[in-house]
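As structure tokens, here come the structures.
Next, two complexes with subunit A in common: one pairs it with subunit B, the other with subunit C.
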Partner chain A sequence: MTEKNKLIIQYIVLIFASVISVFPLVWMMIAATNRTVDIIAGKLTFGTQLVTNYNNLIANQDIFRGFMNSVKYSVIQTLVSILICSLAGYGFEVFHDKVKDALMALILMSMMIPFVALMIPLFRMFSSVGLLNSTLGFILPSLSTPFLIMLFRAAARSFPAEMIEAARIDGLNEFGIFFRMFIPTMRSTFAAALTVTFMNAWNNYIWPKVIMQDSKAQTLPMMISNLTSGYFTDYGALMLAVLITTLPTAVLFLALQKNFAEGITGAVK
Partner chain B sequence: MKRKLLGMLLTVSMTATILAGCGGAAPAAGAGGADSSSPETQTSDTAGASAEDAKEADTQDASADTGSAGSGDSTLTVWTWDPNFNIYSITEAEKIYQKENPDFKLEIVETPWEDMQTNLGTILGSGNLSQLPDILLMQDFAFQKYAITYPDMFTDLTGSGIDFSKFGPGKLGESTVDGKNLGVPFDAGTEVACYRKDILEQAGYTVEDLTDIDWDKFIEIGKDVKAKTGYSLFSTQAGSADFIMQMIQSAGGKIWKDDGTPDFVGNEILVKSLETYKELFDTGVMDTGNSWDEYIATFTSGKTLGTINGCWIIASVQADETQSGLWSLTNMPKLSGISSATNYSNQGGSTWVITSNCKNVELASDFFAKTFAGSNELYDTILPGCAAISCWTPAASSSVYSEPIEFFGGEKIYSKIADFGAKVPAFERGVYFTEANTAIATAATNIVNGADIEKELEAAEETVNFNMGN
Partner chain C sequence: MKSKTRLNQRRNIYGWLFLIPAVVLIATMSFAPAVSALITSFKTGNGADLHFGGLKNYSRILKDAVFVQSIKNCFFYLIIQVPIMLILALILASMLNNNKLRFKGIMRTCIFLPCATSLVAYSIIFRTLFATDGFVNLVATKLHIISEPYNFLAHPTSAKIVIIIALVWRWTGYNMVFYLAGLQNIEYSVYEAAKIDGASALQTFLRITIPLLKPTILLTAIMSTNGTLQLFDESVNLTNGGPSNASITMSHYIYNQAFQGVPKFGYTSAMSFVILFLVAILAAVQLKVGDKRD
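Now for the complex of A and B:
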């Protein structure tokens, strides 16, 4: 087989894979501009119903409030979570000893406990201290995640020990090393962590659903669920809501795409 | 040194901002008082608090968290779903009740049924019933399950001033346990058959030919229509036994023995239903959709010329306004060779529940007594507003029910449905209805693919017994 043929086959496979991955997104956009009956019938061209769908959507759900709630919860959770987990991951690596390594293994093991198993005890705790319907109640269970700690620990491993030594000799204290050397060097890891945490917080559904018992505290994913609950589902409005919900994460991901790939593989700049 | 100080300051201010952000951010409206009071302090309190302390806190927070603290006892919290149907209906009821009780207010939290089950599971599982709302809406198929498993979550409404004698016995049975009324019946799921008149006419039939008939006759006509037009008469959703359950109910059948164990093997009505189901499938008179959306698509975009389901399906039938005037509505076919068979059944519907956590049961009962169980005005509003068919029998005599509906060629479909509804045989769903439904759905799929009915029913019975822990 010639080089050219190989390339052609490669391209065909890649184009095929791209179409499969991009199709749902394109379909979502198309559906947001069509009537429900056309969507169900499988229409694959853009329609003219975007404005109607939008009007139906805002008549049905307070989508702006949902958007603002989602932004608030997600941004706060992302910032606090990254601060805590990066400090923890850095600490576990740089100051590691036998006890801390064992503790780290324990934290990793907790990844295996499914969230639904923790839901009832968490709900008991949170309702007894009045944290229902609050931002703190939303973010607290997922502030520190084993995955993020692991990610930052791996990043700290590739952070040269000589640099830390040199900084110490120059008189920088440990927090100074973390904030002024580790963070700038590990920008890509932080970008990756930011993307993952923000997406998780943004898409978080089951926990908010359990603790946000006030309509005014509902997030976008909860509103999408509301849209599917009736005897009749307006797919046009639903798809528009899904599109609106997807946009912020898509924009964030595209903006940090380059860093994301580097961060996950643990590169040092 | 300066830089170090600056770094420290930045860190401290960042942390402070974040914490302040958390503290002030309790968006709860009704619950404002209890929730927004610096959650940080509350967390640190709990760290050292004993279990008893936490329990005490439970009761203190309860009234606040269910959403009505501070607004007095005349505000009730409601969990329900669907702004176009349930939420619309209870809001109209609120307006009617407010005429006499201006202080009365409902705080409605939109909660889809799937989510409500998660919420109820969490609340009931944690044993903290104080987090329940005052009122919630419950799907009829799940009512018995909750009523028998968690009797503590209901307020017994027998003798509460609500006149239950005005509800049809079939519907009332869904929310009655041991003679106690645990809910206020709301919408009905009376079985209707909707057909496209224009396509039937092409094959030389009218909707009258499909009215008051049995399935044998239906299949005969269906084969002819299929040969002439290519359309199936109706469709079902594959992998669900809802339709088979509707057939069983139409014949006054049952799926449970008196001792509560499954009654599948040798159940004449169930066997006949499955045989009919297989024949409908084999002859192509019935089409199937693999998902709910596909099922809806079969009749909205032209693979089948009709649908047979609970009357709420009308909302989906009417979605395409270009088909206005082409549809007609009638009753479902009955099982042949069964003496108790009727042309009437039910699929779905829901019932209002006043929970045991309701802080003003008297007010809530009075609200229902004067609206859903006593207001013609309410049903006259919500029928044209959202096609909510009443289970409250006096409503059916209202003039609104005999309005001609243009989409159905000027037929008085609502009085028809109300008439059907009064003839629906009662059906005992039991606690394990969902399990039975799933097991029979599996059996039905295998039977359609050629498996032996008796063997499949034995297997289904075994599965349900296993699920029940027998």
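Now for the complex of A and C:
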């Protein structure tokens, strides 16, 4: 096979994969602007029914409230979780000794515990202390995650020890070194952590389904799932709801994808 | 010397200050509930009225046809979907690693984009696409591949295949990014040298790319196995476990048993430990196989 033919095959495969990857999302966006009859008829051009679909949607679910709930839970979880896990990842690397290394191994093992095993004890615990339907109840189980700790530990490994020593001599205390030197240097790791954590929080479905029993506390994924469980066959409104759910994570992802790849590279090394 | 020891001691205390919030949270939000679930798994009864029942819950598992079905389903997804996805991801990553290729950035973004969608959202998109009046049926009938619309979600095998297609769509790009990251650690000159030596594309892929990416492949295989055994959102939102539990996953069935109707916390805890054992065993096997090839 000649070099040129090889390249052509690569282009064909990659373009095909790109189209397949993007098509369902584009189809969803187009459907959000069309009437259900047109969607079923296979219309593949943008329509003018966005506002009608929106009105039908909010008549069925309080999408705005769901959106605000999801924003609140996800933003708080992301900020607190990144703070806690970056401190821990840095601590496990910079101050490591036998005890801490053993503890880290134990934390990594906790990755194997399936969430359904924890869901029932956590539900009973949270309902007895009144944490159902609350932001704290939403975020607590996923604030400290082995994956993030691992990510930040890998980042701390590539943080030069001489820099830490020099800062100590300059009289900066350990937390000063972390906040003033480690965080600014490791921006891409923090961006990757931000992307992953926000997406996980935003997309979390099983846990809010367990604890958010009050409809006022429901998240967006719960609401779009509710739409499909009844006899709601308005595809246009349904796809608009899916679009609203997808937009924030897609925008964040597109904005930070370069950092995401870089941050993950650090973790894989 | 003495002051140095004191300094180390102070650093040690500082170290613990960095770790304490994370460690306390993992202890209370993972380990404590896991132990509590283990204890509950030996108890029988409904709701809050639980008493010690020995291994009754565990012996009940094997007689529960739906749970056995859900284990089979998860393994069906695992055995078919994970290899397809990882091989596709490897092929796409090694193609994108070609320096002569143009528009690499945009193609990478496109292939990675599905993992920006929420699991519930893409489940609903695929459910709509594969509905009887959905886009896939429309195209297939127009092209005369099928004579009349086929209800994919109402037949056991096709429902499972739709879940597999959806999973491959959602996760291939995600795994590809890990491989791309791994490939960047391999010197491009290795590939140049292989080319000069007259190695074919397939030989390069099998002899250079795969061996050098082995740690990353192992990592993605373990992550995918873990994820597949815990599938929930897709089962609930794409097929609703149907038709008649033919595509239900273990987590979905456990959720139904725990939160729909009378809660059976003892039994559901026992079932969730089956998942834990399966995840642990498969991770151990994969690590062992991964080490052997050295």
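Here is the rule we go by: the second predicted complex is superposed on the first by the 251 of 269 C-alpha atoms of A that agree within 3 Å, B and C clash if a C-alpha of one lies under 4 Å from a C-alpha of the other, contacts with A are read in each partner's own complex, and residues count from 1 in each chain.
Convention: a residue touches a chain if its C-beta (ideal position, glycine included) is under 8 Å from a C-beta of that chain, and two chains touch if they have at least 3 such contacts.
Fair warning: this is a prediction, and the values are worked out from it, not measured in the lab.
Undergrad: Label the relationship between subunit B and subunit C on subunit A in the superposed model as either fit or clash.
TA: Here subunit B and subunit C cannot both sit on subunit A without a clash.
Undergrad: Once chain A of both complexes is superposed, is A:25 in touch with subunit B (first), subunit C (second), both, or neither?
TA: After superposing on A, A:25 lies in contact with subunit C but is clear of subunit B.
Undergrad: Scan A:60 for contacts with subunit B and subunit C and give back first, second, both or neither.
TA: first
Undergrad: Classify the contacts of A:216 with the two partner chains as first (subunit B alone), second (subunit C alone), both, or neither.
TA: Touch partner of A:216: subunit B, not subunit C.
Undergrad: Once chain A of both complexes is superposed, is A:71 in touch with subunit B (first), subunit C (second), both, or neither?
TA: In the superposition, A:71 touches no partner, neither subunit B nor subunit C.
Undergrad: Quick one: classify A:144 as touching subunit B (first), subunit C (second), both or neither.
TA: In the superposed model, A:144 contacts subunit C only, not subunit B.
Undergrad: Just to be sure I read the superposition right, which of the two partners does A:128 touch: subunit B = first, subunit C = second, or both, or neither?
TA: first
Undergrad: Which partner chains sit in contact with A:163 here, subunit B, subunit C, both or neither? Use first/second/both/neither.
TA: neither
Undergrad: Quick one: subunit B or subunit C, who's touching more of subunit A?
TA: C
Undergrad: Regarding the shared-chain residue A:246, is it in contact with subunit B (first), subunit C (second), both, or neither?
TA: Once the two structures are laid over each other on A, A:246 reaches subunit C alone.
Undergrad: First (subunit B), second (subunit C), both or neither: which does A:108 touch?
TA: neither
Undergrad: Considering each complex separately, which residues of subunit A are in contact with subunit B in the first and with subunit C in the second?
TA: Residues common to the subunit A contacts of subunit C and of subunit B are 40-42, 119-121, 124-125, 140, 173, 175, 206, 209-210, 222, 225, 228, 235, listed in rising order.
Undergrad: Show which residues of subunit A lie in contact with subunit C when the two form their complex.
TA: Within the complex, subunit A contacts subunit C at residues 1, 6-7, 10-11, 13-15, 17-22, 24-25, 27-28, 31, 40-42, 84-85, 87-88, 90-92, 94-97, 100, 103, 107, 110-122, 124-125, 140-144, 146, 149, 173-175, 178, 199, 202-203, 205-206, 209-210, 220-222, 224-225, 228, 235, 238-239, 242, 245-246, 249-250, 252-254, 257, 260-261, 264-265, 268-269.
Undergrad: Under the touch definition given earlier, write down the residues of subunit B that touch subunit A in their complex.
TA: Residue list for subunit B touching subunit A: 3-4, 7-8, 11, 14-15, 18, 21-23, 25-31, 34-37, 39-40, 42-43, 45-46, 54-55, 57-58, 61, 64-67, 81-85, 107-110, 112-115, 118-119, 122-123, 125-128, 130-131, 133, 293, 296-297, 300-301, 312-313, 315-316, 319-320.
Undergrad: Which of the residues in subunit C come into contact with subunit A in the complex?
TA: My answer: residues 11-12, 14-19, 21-23, 25-26, 29-34, 36-37, 40, 88, 91-92, 95-96, 98, 100-101, 106-107, 109-122, 124-129, 133, 135, 138-139, 142, 169, 172-173, 177-178, 180-182, 184-185, 201, 215-216, 219, 226, 229-230, 232-233, 236-237, 250-251, 254-255, 258-259, 265, 268-269, 271-273, 275-276, 279-280, 283.
Undergrad: Enumerate the contact residues on subunit A facing subunit B in the complex.
TA: It is residues 36-37, 40-42, 60-61, 69, 72, 76, 79-80, 83, 119-121, 123-125, 127-137, 139-140, 172-173, 175-176, 179-180, 206, 209-210, 213-218, 222, 225-226, 228-232, 235 of subunit A that touch subunit B.
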